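Data first, discussion second: the structure below is written as structure tokens.
We just call them A, B, C, D, E and F in the order they show up, numbering each chain from 1.
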Amino acid sequence: MGQVVTFGEVLMRISPRGNKKFIQSNVIEFFFGGTELNVGISIANFGGNVKHISAVSSDFIGGAAISYINKFGVDTTSIVRSNRPLGVYFLEVGAVMRSSTISYNRAYSSFSEIQPAMVNWEAALVDGDWLHWTGITPALSQGAFDVLKEGLTLARQKGISVSADPTYRKDLWKYGKDPKEALIELLHLSSIFIGGINEINEVLGTNYSYSNDDFIEASKLLMEKFPSIEKVFDKIRTSLNSSWHKIRARMWNGKAFKETEDLDITHIVDRIGTGDAFAAGLIYGLQRYDDYKAMHFACAACAMKHTYEGDVNLATVKEVTEIIEGNTSGRLNR
Amino acid sequence: MGQVVTFGEVLMRISPRGNKKFIQSNVIEFFFGGTELNVGISIANFGGNVKHISAVSSDFIGGAAISYINKFGVDTTSIVRSNRPLGVYFLEVGAVMRSSTISYNRAYSSFSEIQPAMVNWEAALVDGDWLHWTGITPALSQGAFDVLKEGLTLARQKGISVSADPTYRKDLWKYGKDPKEALIELLHLSSIFIGGINEINEVLGTNYSYSNDDFIEASKLLMEKFPSIEKVFDKIRTSLNSSWHKIRARMWNGKAFKETEDLDITHIVDRIGTGDAFAAGLIYGLQRYDDYKAMHFACAACAMKHTYEGDVNLATVKEVTEIIEGNTSGRLNR
Amino acid sequence: MGQVVTFGEVLMRISPRGNKKFIQSNVIEFFFGGTELNVGISIANFGGNVKHISAVSSDFIGGAAISYINKFGVDTTSIVRSNRPLGVYFLEVGAVMRSSTISYNRAYSSFSEIQPAMVNWEAALVDGDWLHWTGITPALSQGAFDVLKEGLTLARQKGISVSADPTYRKDLWKYGKDPKEALIELLHLSSIFIGGINEINEVLGTNYSYSNDDFIEASKLLMEKFPSIEKVFDKIRTSLNSSWHKIRARMWNGKAFKETEDLDITHIVDRIGTGDAFAAGLIYGLQRYDDYKAMHFACAACAMKHTYEGDVNLATVKEVTEIIEGNTSGRLNR
Amino acid sequence: MGQVVTFGEVLMRISPRGNKKFIQSNVIEFFFGGTELNVGISIANFGGNVKHISAVSSDFIGGAAISYINKFGVDTTSIVRSNRPLGVYFLEVGAVMRSSTISYNRAYSSFSEIQPAMVNWEAALVDGDWLHWTGITPALSQGAFDVLKEGLTLARQKGISVSADPTYRKDLWKYGKDPKEALIELLHLSSIFIGGINEINEVLGTNYSYSNDDFIEASKLLMEKFPSIEKVFDKIRTSLNSSWHKIRARMWNGKAFKETEDLDITHIVDRIGTGDAFAAGLIYGLQRYDDYKAMHFACAACAMKHTYEGDVNLATVKEVTEIIEGNTSGRLNR
Amino acid sequence: MGQVVTFGEVLMRISPRGNKKFIQSNVIEFFFGGTELNVGISIANFGGNVKHISAVSSDFIGGAAISYINKFGVDTTSIVRSNRPLGVYFLEVGAVMRSSTISYNRAYSSFSEIQPAMVNWEAALVDGDWLHWTGITPALSQGAFDVLKEGLTLARQKGISVSADPTYRKDLWKYGKDPKEALIELLHLSSIFIGGINEINEVLGTNYSYSNDDFIEASKLLMEKFPSIEKVFDKIRTSLNSSWHKIRARMWNGKAFKETEDLDITHIVDRIGTGDAFAAGLIYGLQRYDDYKAMHFACAACAMKHTYEGDVNLATVKEVTEIIEGNTSGRLNR
Amino acid sequence: MGQVVTFGEVLMRISPRGNKKFIQSNVIEFFFGGTELNVGISIANFGGNVKHISAVSSDFIGGAAISYINKFGVDTTSIVRSNRPLGVYFLEVGAVMRSSTISYNRAYSSFSEIQPAMVNWEAALVDGDWLHWTGITPALSQGAFDVLKEGLTLARQKGISVSADPTYRKDLWKYGKDPKEALIELLHLSSIFIGGINEINEVLGTNYSYSNDDFIEASKLLMEKFPSIEKVFDKIRTSLNSSWHKIRARMWNGKAFKETEDLDITHIVDRIGTGDAFAAGLIYGLQRYDDYKAMHFACAACAMKHTYEGDVNLATVKEVTEIIEGNTSGRLNR
């Protein structure tokens, strides 16, 4: 199976333990993450061959980030070092009706200040079979947009599959580029659309509802406007509160509509990166399974991520497969 | 908005992490608390102007207590130092059907041995708009009772609102004073009654049931016997087990009965101080909102407190307001 | 009340904190445990008189194990030291649909290499009133089987009650002995059978279902084939997921069938050792109460164990009794 | 070898980690200690047979204290439970020129309020061969003095050796008794004096200097005034700063003066309980070795204690013996 | 005594525990610091009246920073909030020949982007008696330089003492301003010079050696060129290695040269902020003592700081005074 | 520069924090190590290209071990998985005169049970330029000896440099092979001898003293008996106590004798793996520098290792080079 390549910012995630706030204790923990990296590491944890491309700081924090990525066997040889600091995000984890809260320190980071000359895409994609991007990267800076577009363009030329998670986060996008235009440019270079009604309405300027019928209509229109897009996958989350969610997924692959049943996640450990776990499961699955099984696998992978601290999914293929086979009782493994 | 003044013991709270017992690990954590202080800090966290009055030890533990209170911007200039140790309480946190357990070391503490000459109430209340007391303070010692009564008397003279949370804890009250008589004396100096059927039955010697009708009757009788009391607020907790509660509130303000719906708290982090969070929300609300909204705000504040470790509510007005607006799904805030 | 004697391996249990995996943090915790020791310590925590017999390493880890057992007031004077290392097990705690996972390092351990000459059973049982064994011990090695059988034989001679928890774990049993034959030999030396349909089918070669009727039939047949067995107790677990279980129990004591209602365990802290907590509650109960109350006590003890980290049940008789009296609301104890 | 009995307060010791102050972190650690208990546990760690007599609280903290003592195999069967809290001390550990600082919460503790009727000395001393007391106990309360005197009197009648460490701490002694008179009464019931010039000057009202000549003269006069005293042992500490001390010892046993060379302790981990480690080494040594070797062993034990966190010496006889044999290079033991 | 006002960046300091590197553990700790804030908090810990002026982020990290400063009783009412993140520094603590290493993430921080309109100096200095600045602030940005200069100018007008610690760190100073010119401008507004030969040579363009004679000559020339400067204080550090330093100080106050003896710091806990502790001791001392005693106090304060984790000196006046009285043996305080 | 290949056991190292013993706290930490792996990782931290060959367990502990090695960029593709557990060692860290103590659980480990068929040496050495072994490996089992010998034989055929650290630990060597004979066989396949008088005397059966003259004579004789050996390097440690060592080195390269001066290591953080850091520095140096500079670099690398927790040296080439240039004052790096 060819290499999955992910491109995006590496962030240091810093948070107090348990449900504490920073005001409560000076003992904290860190992991590294970032939406595209989370996808990459989660695929590597399934046994996939993965490379992550990024720019990290040249200090010991950037070094620790690379070590962290190496730990999971992800290829870090295309990561460049920069004299700007690594982006950081601070997290306070909520519970019940208290929301988790994130504060970012990522403007002017080593990745935000990336420039096209810094990434050698030919070399980076040499073993590439799949390239994954999200809507975070083009939102950060002109440089990040440019480098991403260069990569997607080359990927298309080489016939590499391109998955897009065009998450639109309006607090980013400060460098002047119009978000909608930027996403449209990049979606024309993509083959798999991972997103739902909100994202489709955003790029099409439509007003579809959350119903399955509207989802099918919206997907059809999306694929009409963006002929490169072959399949649309949507993950639907129902939040009872911060500690208890339900997750299901649906898809339109140009031919058929399919959906999964809700997975009930009663005691959430950490919900960061669960969307990335879905994307990772989907990419891993689409490389190996049929569309429905891939979506089912993605949904179970997403559910599993809620049980791990940190940004990345540590579940194995065996563990995820057990869930899609209906074994969600969590029996002790000796 | 004028200053809310709270008066009461500052306790050091010491507990193992998570659900451990002291026999299980030598690594423990501490916070400071105490029922009236919890009310004060919680109001300060809403942005209120708060002063806490107490007596703490003159050693580094008393110093750490004052630092802790300063941290929240609560005025500590009326706290006196004493050569007796600070009171301590040890806590083991339960789960499911296991109760949390508290053991106190507070007799002969710096606060229990407080004497009237130690507190300059004129100075302490100079900016005061509201004075809050609970049934814990008069239970501790003759000195504590005397200092409290002196403060309440002055507050009444100055037209300051007085809220009473006449919690009756029978294991305290060892110094000879009759609890019922003491509470009656102090309630005659109070305007807001924060308590339910049990507390009313205790001071009136009645036998009302928990029904809404009885609550209204009981409140009316209370206000008849204690003409200074203008409003009665009651918080009702339903415990499925140590980890899962429901909270609602009801009120009689002399004119109308109102109640809120249950808030479902499915994954409790720490239930200590949740009653204090209710009182804090109520005082903050009554200073700013109508009675019903104040009670609703108090109820949501109480629910939020279950999600924070330690004695005090760290929720902001914005967070509490979102809950009373019905947003209890705990969406991630970025 | 005479002494309860437990015989079995002492294992060092090592696990990351909370729901972390070993790959995520270098800070970990340890306890000591082992199925028979768990039973012994849990009985000691009820106030029972307990001795544990085992072989532990002669290094500081073995010393720490003995200290740990001493901590609970369990008699360690019959534990022997050996120059082989103590057995270890590594645990990663799951949540929701993620299973907890255990990896053992116990082959060739100080206990596995135990030999008959090492244990002086006459001295060990001098104050003994009850001897408890499980199916783990005979599975480990010929030496462990031999020492156990010698102890059971002497216990029978002395008229000491023998409880058997013939858990069958097929990944053990590598030294050549046929599991079924071994268990049959040992059950003929036992008076109380703690186990369910699976264990009965295993030793009888039958195929009973989980129904109550089949349970009664199976128990009758078991008692016919093993005349020494007087009573059969079965614990039934329903797993919603790793974090939420239900527990109930049933019994056939040769005369009557009885069962308890489900206890709902909504927020599991640690499910290791919950079966041992059942056995401990049962032994403690059978020494003091009638059969049904003993089973009810065992079931509540089992439920309580889910709220403690580590292998052993730290609940007191008072706490367990409250649950069987229906008080499962987990009110705060001050 | 007969049992060494120690009698005195059990204190919970609470301190931040490393060199932090309480104001700096909410994560803290606890151990149990108390000067006489420290002596007892340290002897138990050498393999001695030890019983500790005390009064501890009836809550879970008192329970944890007993568990802690059990851990070291010290007999806790003569410890009584009381409804007063356990004494606590808070510690901030200094370094270099910064002193470590202790704050006590021990007045009115379960031990301070001990009364003669609470201790059954006949039963407590049934296996006793040696009884150890310090000047802390008679300083706490009339009750503590009375219980101690009763025990010493019985010990003398039974011909049990009595070692006295008459440390004089003037901040204690608040209940009215004159310290000098109290110590004189108790020293007349003692056979081994563990103390230096300060303690001798205190009880004799003399003014000896620290010179060896004066030490000999002082010891002779002490033994003249207190005919029960057979030997005097003095430990001399030279403090370069909080992190670097030197320790040596000297003795007069009625016949000869001997002294040891300085042991250089360059990187102190914890200096609490080092005097107790000396006393423990001395008692253990006097039961087994000649006076000089006992003192040498005591001095090495004291030095070793500086390398352990907590109040008690965890060194083994083998480790201490290596030091008196001159092996202080700290080679790695595999 | 009037208020000491400090102005400068607040940084979040994040570091692994002990001597670990970030690559080694995900458990880390944080404090807040920043050279001028360190001075302010250290003076507050002596009991001084202190206000700190800064700009911090409007998120929960900025909130935690303000709480941290409040904790020490420092006035935070002139701190402004900004929508840029708080500056961060990462620290790995060395030992022996391994240097401690710091990596900054402070460019574009909330403080770096401060602008004159943001600080109301009239209000900020209303109770001011002393204003302290360092060479870090003007190095950060034009805005920081401008705000500082505005404050110093007003301070001179109001006759407030101005202390300058013109540390020159050449890695900063990226916004275009010439460091030497900037420092010269600001020194003309200063009365106390805290710095040594390096700093004098830097601003004068001279080449003095470290000898006392050269120090006196250099100081004279400095005071000639900068008539506002009244006194020069120099701290001299001798580093044996990362764990073992010696500290002494010297001064020229226009009339006399004085110097202290070396203080030997054998087991350094944390050397960050030790220069700030010197400045704090000096300012506190100059407000209360003669010049020599102030310098001696400063030197002892600096030495004490090496024993505390974090950026700030937690020593009390009593502790520092004991050192200047020669008591550096670190005796245990009970 | 070609790849350095290391072959040997990977051990999980588990220890309490600071100077605690296992009996004192249930919070512990782990790293991975093993003498040859330590050499490999330390070289990788210098930027060298390294592969480690081993057999680790197939469970999550073996997975965590591989992740740990990956973290440092060491090639793990030749590590095989086995169904035996990973070896473990438990460590209690001493201080001053207290020795650090290690207890191993490594017999029957995944590595000890390695067999020749499991390692494909042709593939493993494909990029190899240097192969390093130590005396631990042949001591473990016949299989380990056989696999090692096979690798060394192939390395010699391919002209790869072979460094030998023939540490002799007599507690190992339990499988029957004569240690001296085994080492002689393997040294005949080695080119660089890293060891001192003890090791030379061991293999030659001689009795040389520690003098430089004897070192030269011994080295000459060694090189005469083992013609493949080209150079001998010896590291000399002087232990003042567990916390304070001095390190120097000497060499005979067939032509010249050279030695370095003592490096004074006053505050040791962790002395495990310091010999491995010497070997790593030597191999890295010999690949790049002249013999003397390589030895000097090795000696400084060894000294630096004493400042890092864990088994491996985290120093960079820049840091080590500063020490050999005489900069050992540990100045703060910003």
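Everything below uses one rule, namely that a contact is a pair of C-beta atoms (placed from the backbone, for glycine too) under 8 Å apart; a residue touches a chain by one contact, two chains touch by 3 or more.
By chain, with names taken from UniProt: A, B, C, D, E, F = Sugar kinase.
Values in this document were obtained by computation on a predicted structure and should not be read as measured data.
Novice: I need the common contact partners of chain A (Sugar kinase) and chain F (Sugar kinase), sorted by label.
Specialist: Per touch definition, common to chain A (Sugar kinase) and chain F (Sugar kinase): B, C, D, E.
Novice: For A-F, which listed pair, C-D, A-E or C-E, repeats its interface with over half of the contact pairs the same?
Specialist: Among C-D, A-E or C-E, the interface that shares over half of its contact pairs with A-F is C-D.
Novice: Please work out the Cα centroid separation of chain A (Sugar kinase) and chain C (Sugar kinase), and write it as a whole number of Å.
Specialist: From the centre of chain A (Sugar kinase) to the centre of chain C (Sugar kinase) is 45 Å.
Novice: Which chain E (Sugar kinase) residues sit where two or more other chains touch them?
Specialist: Where chain E (Sugar kinase) meets two or more other chains at a single residue, that happens at 18, 21, 23-27, 29, 31, 67, 71, 101, 104, 267.
Novice: What residues of chain C (Sugar kinase) sit close enough to touch chain F (Sugar kinase) in their complex?
Specialist: Answer in residue numbers: 14, 21-23, 26-31, 57, 59-61, 63-64, 67, 84-86, 88, 90, 92, 101, 103-105, 107-108.
Novice: Would you tell me which residues of chain E (Sugar kinase) are touching chain F (Sugar kinase) in their complex?
Specialist: Interface residues on the chain E (Sugar kinase) side: 18-21, 23-25, 94-102, 104, 169, 171, 239-244, 267, 271-272.
Novice: Could you pull out which chain F (Sugar kinase) residues touch chain A (Sugar kinase) in their complex?
Specialist: 67-68, 70-73
Novice: Residues of chain A (Sugar kinase) touching chain C (Sugar kinase) in their complex?
Specialist: 18, 29, 31, 71, 263-269, 303-304, 306-310, 314-315, 319, 323, 328-334
Novice: Where on chain F (Sugar kinase) is chain B (Sugar kinase) touching in the complex?
Specialist: 24-27
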